[in-house]
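Chain IDs A, B and C follow the sequence of writing; residue 1 opens each chain.
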Amino acid sequence: MRHLKAWLGIGLTVAALVAAALAPWLAPHDPFRADFVQSLKPPGTPGHPLGTDQLGRDLLARVLHGARLALFIGVCTVLITALVGGTLGLLAGFVERWPAAVLMRIADVQLSFPFILLALTINAIVGLGLRNIILSLSAAGWVVYARVVRGEVLSVKQRDYVQAAAALGNGRARLLFRHVLPNVAPSIIVVASLQFSSFIVAEAAISFLGFGIQPPTPAWGSMLSESRDFLYVAWWLAAFPGAALALTALGVNLLGDWLRDTLDPKLRV
Amino acid sequence: MRRTNVLLATVLALSLVDAPPAVTQDRVKTKEIVVGLGAEPRTMLGVTIVDWTTNNMLEHIYDRLLDRDAKTLKPKPMLATAWKLVNETTWEFTLRQGVKFHNGEPFNAQSVKATFDYMLDPATKSHYATAAYWKPLKEVQIVNDYTVRLVTEKPYPSLIDHASLTDLLLLPAKALKELGPQKLNERPIGTGPFKFVEWKRDERLVLERNPDYWQGPADVSRVTFRFVPEFSARLAALLSGEIDVMKDVPPHVVEAVDRSGRAKVRATVSSRINYLALLNLKPGPMQDVRVRRAMNHAVDVDELVAQVLKGRATKMCGPLAPTNVDYAPVDCYKHDPARAVALFKEAGVDPTKLALTLDTPSGRYPLDKDVSLAIAAQLQRLGIKTNVVVNEWGTHLDKIKNRNTGDMFFLGWGPALHGQGTIEPLFKAEATYSSYGNNKVLDEKIAKAVTIVDAKVRAAAYAELQKLVHDEAPWVFLWQQHDLYGVASHIEWTPRADEKVWMYDAKIVAR
Amino acid sequence: MRAYIASRLVQTALVVFLSLTAVFGMVRLGGDPVLLFMPMDIQAKDVNEFRQRLGFNDPLPVQYGRFVAGAVRGDFGESLRYRRDALGLVLERLPATLLLAGTSFLLTLVVAIPLGVVSAVRRNSLLDHLGTVVTVLGQATPGFWLGLMLIYAFSVKLRWLPTGGTGTFLHLVMPSIVLAAFFSARIARLTRSAVLDVLGEEYILTARAKGLGEGRVVGKHTLRNAAIPIVTLAGLEAGQILGGAVITETIFAWPGLGRLTVQALLNRDFPVVLAAVFLISVMYTLINLSVDLVYGWLDPRVRLRT
């Protein structure tokens, strides 16, 4: 059963990766080509297995190409935020004293804007588009790592074996890498896999509020957001990008679970 | 997990027990109408803020000097029974007698004077005290209790157009003096067919019928404006019977609404126009008139209307639409790719090497973004690469104002009911949202046309202007929007071209 | 302890001040605030006159100084759009937002923590797997989409619940479920992970070896120790729920703070944006302060130091 979940996770993630890598070859059409006569055709229409959108663009092609963008957004933002947030959190928890206080206050300033509002404010200033979405999501997302990791570090540091190691005269760096890092790694991975999907979803939310990625670029979030105008006439416009988003998120999360279980020293028993 | 189930069950059980009453039925009996709008009003005071949503609600409370005919949109009497030109700069209005404000105060010349005094007071910071509205006014003279004269600095023929728009909602003189604007803003007093009941911020504005209305009481006893920002939720509220009237049903959904059995779509040709500006105010290919004309031949407007808008638009050939009082017909640019290519060649432009940028808003006008993408697809057929940039509305306006858009941008304009209101702000280089200008001939003719008082001379001047603008091709001329309203089946109401959701005209018919 | 709280409160004031400064800078980079609330046929001369009158032509430092001078007295100026006291507008929306956020937060805790604990204790059971799938899907569903689907099902088709607005308990059902769905997923997952962590610790193994009942092991030893990361996230989420409310309030026409703030942002109604940021950051930092205090209570080894 446990392996089933792991395999499912790997399978879905690989599927998303394959879709992203091979989109131009897998897609039956150019995702940008509009064909007005063929607009809003339901799934199963010859030549358009998933149907078409309001401009007659092939939905399958758009969903496949969307995988590229989704993975790109997810990977970029997760890497940036985990690296920045995780490092700062480790330092803040480990160093304590005033640098920690300063860091956590900066985190507080950052946090005093709700995530979505911050991303919106940034996008309202720097404009719309892929790079700016990644920028604003990253700027808004690093704090979660910092807080969670710091909380973990504070707790781990007090544990007997860590205290003992410190008493034995182990250097700080050694403590950090030998004891603290392995203990917080699982948290980072869980948070990262959570964040990954929530970043893709956040892109949808930002699109909903009018600050999305530039059309005609096929992003799942923007497609989902646009689909609401056609909710009562073309369910497929909401269903397929939504399913793609959900399955990818499921895959990444299961993969994260599996990684976490394998990495966690205590669970290796 | 079990607790989740318990919770869900509780929620479901509660919702079954507490099921809301069949509210639609109740409303039919009590003759109430609920109108769904996207935003709440910005003020309750007339002549303060220019804003469609706000004024649409305020017009139910306040009357104007002149009204517009629902069909022809020509000015007609309202609180003024007659008007005439005394000399080039003086208009005389005869006021209706026996009209009372909701507080019992009589309407007379003092009300008109007090309204203008309030509006033009710098402390009011009224949008109407600006050049495009009432700044040209020099003074208000009271001839007697029921006669006023409006005197302008220069001949101002658009005065009648303004007096019949929402630009002159008349306030009660005595109440304004005694209570002050602040109090009136909390409980507005007008002469209109409905009286203010309550305004729950971000939720609803409730009005009740004024039984003593001078045109006779409305059929509707109560009008509630509910503020639902999200369009699809508004549509859901219409389909579930929570609201009775909503504006801007998207063309694709018309059939679904008609099939629902709860509401029908009522459509009208709007006075609001949509156009694709070809920017000559900054360097680029659009500075050449031949390129602009080629663009008009390259874009297939009929196809856009039929395929993207599902026929819900009326093609235009020049800058003004037939609903505009100053409209004159002009020839159409025909869709003709060969002619377009020839014109591009003549201008020394190779269309297959041409890369253009098109700025568009999203969700501001019917299918605006999709239309822009479709135009890009059409231009692609000639080998022109078009980069469509979608802007958030505020950014879009900023870019237009700072002439920072690409070579083209999409915009709507309206309610466009008189020529000056379209031609002066859109074709002069110094105008805020203009895309075209620095044409000496045009500038002179505009400056002259806006001061002509005589109807015949004015018509000729505007006809000449429209011909000139058409030949200059500052836009790809697109269309008049069709306004699509979802209206509950038990309500009889005909939409108007000036976008007013005017519930005085609505009737409740029991099914 | 008292000194700790006092110093944190001073820091809070600092944080709020810095937030406001950051936002002030950011919104003023974002373009002309005057245009958006003026009619489109306005002439450039008149726009400039309005800008002058409202002080937007002054150098930025002067505007900032004026803003700070007002803000310390609780005066954030007049809303550009509504011409009413900005802070008043914001405060007016607060009760509706608190009601919605509170309900959702409660719902989140009641659903997510038991789900997470059970998933961890019965690890690899069918329940655990189901829990994973459900929570991940909850996470991967954009709030607006879930909201619109619920409206379609329960308002348009079944006609059980109102599409939006406030008034009765029924009006609260769908918005709070939508708002809770996203956060439940996160909290349930983190709870599971944290409980699993603790279950692997030696003292739990010891407790089990001593023959303590499973209920006591989980209830007493595990939960208390797993609580730190959960409380951290819950604290963060409590704040984020206010942000998530932006979407929920928009969909369900809920007259709250999030909807007002995002509209103000779109309309460049800066006084309102700043007043809202002020209020939100005050609430945030206070929530975070309480989270840190709860740490100390949960785990006395965590010394409260600034």
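Just so we're on the same page, a residue touches a chain if its C-beta (ideal position, glycine included) is under 8 Å from a C-beta of that chain, and two chains touch if they have at least 3 such contacts.
The structure displayed is predicted, hence computed values, not measured ones.
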**Message:** If you average the CA coordinates per chain, which chain's centre is most distant from that of chain A?
**Reply:** B
**Prompt:** If you tally contacting C-beta pairs, which pair wins, A-B or B-C?
**Reply:** B-C
**Distance from the mean Cα position of chain C to that of chain A, given in whole angstrom** = 19
**Asked** What whole-Å value do you get for the distance between chain A and chain B if each is reduced to the mean of its CA atoms?
**Response** 42
**Prompt:** What whole-number Å value describes the gap between the mean CA coordinates of chain B and chain C?
**Reply:** 37
**Prompt:** What residues in chain A touch two or more of the other chains?
**Reply:** 124, 210, 228, 231
**Fill in**
Where chain B touches two or more other chains simultaneously, the residues are 232, 239, 392-395
**Prompt:** What parts of chain C, by residue number, touch at least two of the other chains?
**Reply:** 30, 144, 148, 152, 250, 266
**Prompt:** Contact residues on chain C for chain A in the complex?
**Reply:** 11, 14-16, 18-19, 22-23, 26-27, 29-30, 124, 129, 132-133, 136-137, 139-145, 148, 152, 182, 186, 189-190, 193, 196-197, 200-201, 228-229, 232-233, 236, 239-240, 242-244, 246-247, 250, 258, 261-262, 265-266, 277, 280-281, 284-285, 288, 295, 299, 301-302, 305-306
**Fill in**
Within their complex, chain B touches chain C through residues 1, 3-4, 7, 11, 14-16, 18-20, 39, 42-43, 48-51, 125, 127, 130-132, 135, 200-204, 226-230, 232-233, 236-237, 239-242, 392-395, 397-398, 401, 413, 421, 424-425, 430-433
**Request:** Going by the contact rule at the top, pick out the chain C residues touching chain B in the complex.
**Result:** 30-32, 35-47, 49-50, 53, 81-83, 89, 92-93, 107, 110-111, 114-115, 118, 127, 130-131, 144, 147-148, 151-152, 154-156, 159-166, 168-170, 173, 177, 250-253, 255-256, 259-260, 263, 266-268
**Item:** In the complex, chain A residues that touch chain B
**Value:** 33-34, 36-37, 39-40, 54-55, 123-124, 127-128, 210-212, 214-216, 228-234
**Request:** Going by the contact rule at the top, pick out the chain A residues touching chain C in the complex.
**Result:** 1-2, 5, 96, 101, 105, 108-109, 111-117, 120-122, 124-125, 143-144, 147-148, 151-152, 154-155, 158, 186-187, 190-191, 194, 197-198, 200-201, 204-205, 208-210, 221, 224-225, 228, 231, 238, 242, 245-246, 248-250, 253-254, 257, 260, 264, 266-267, 269
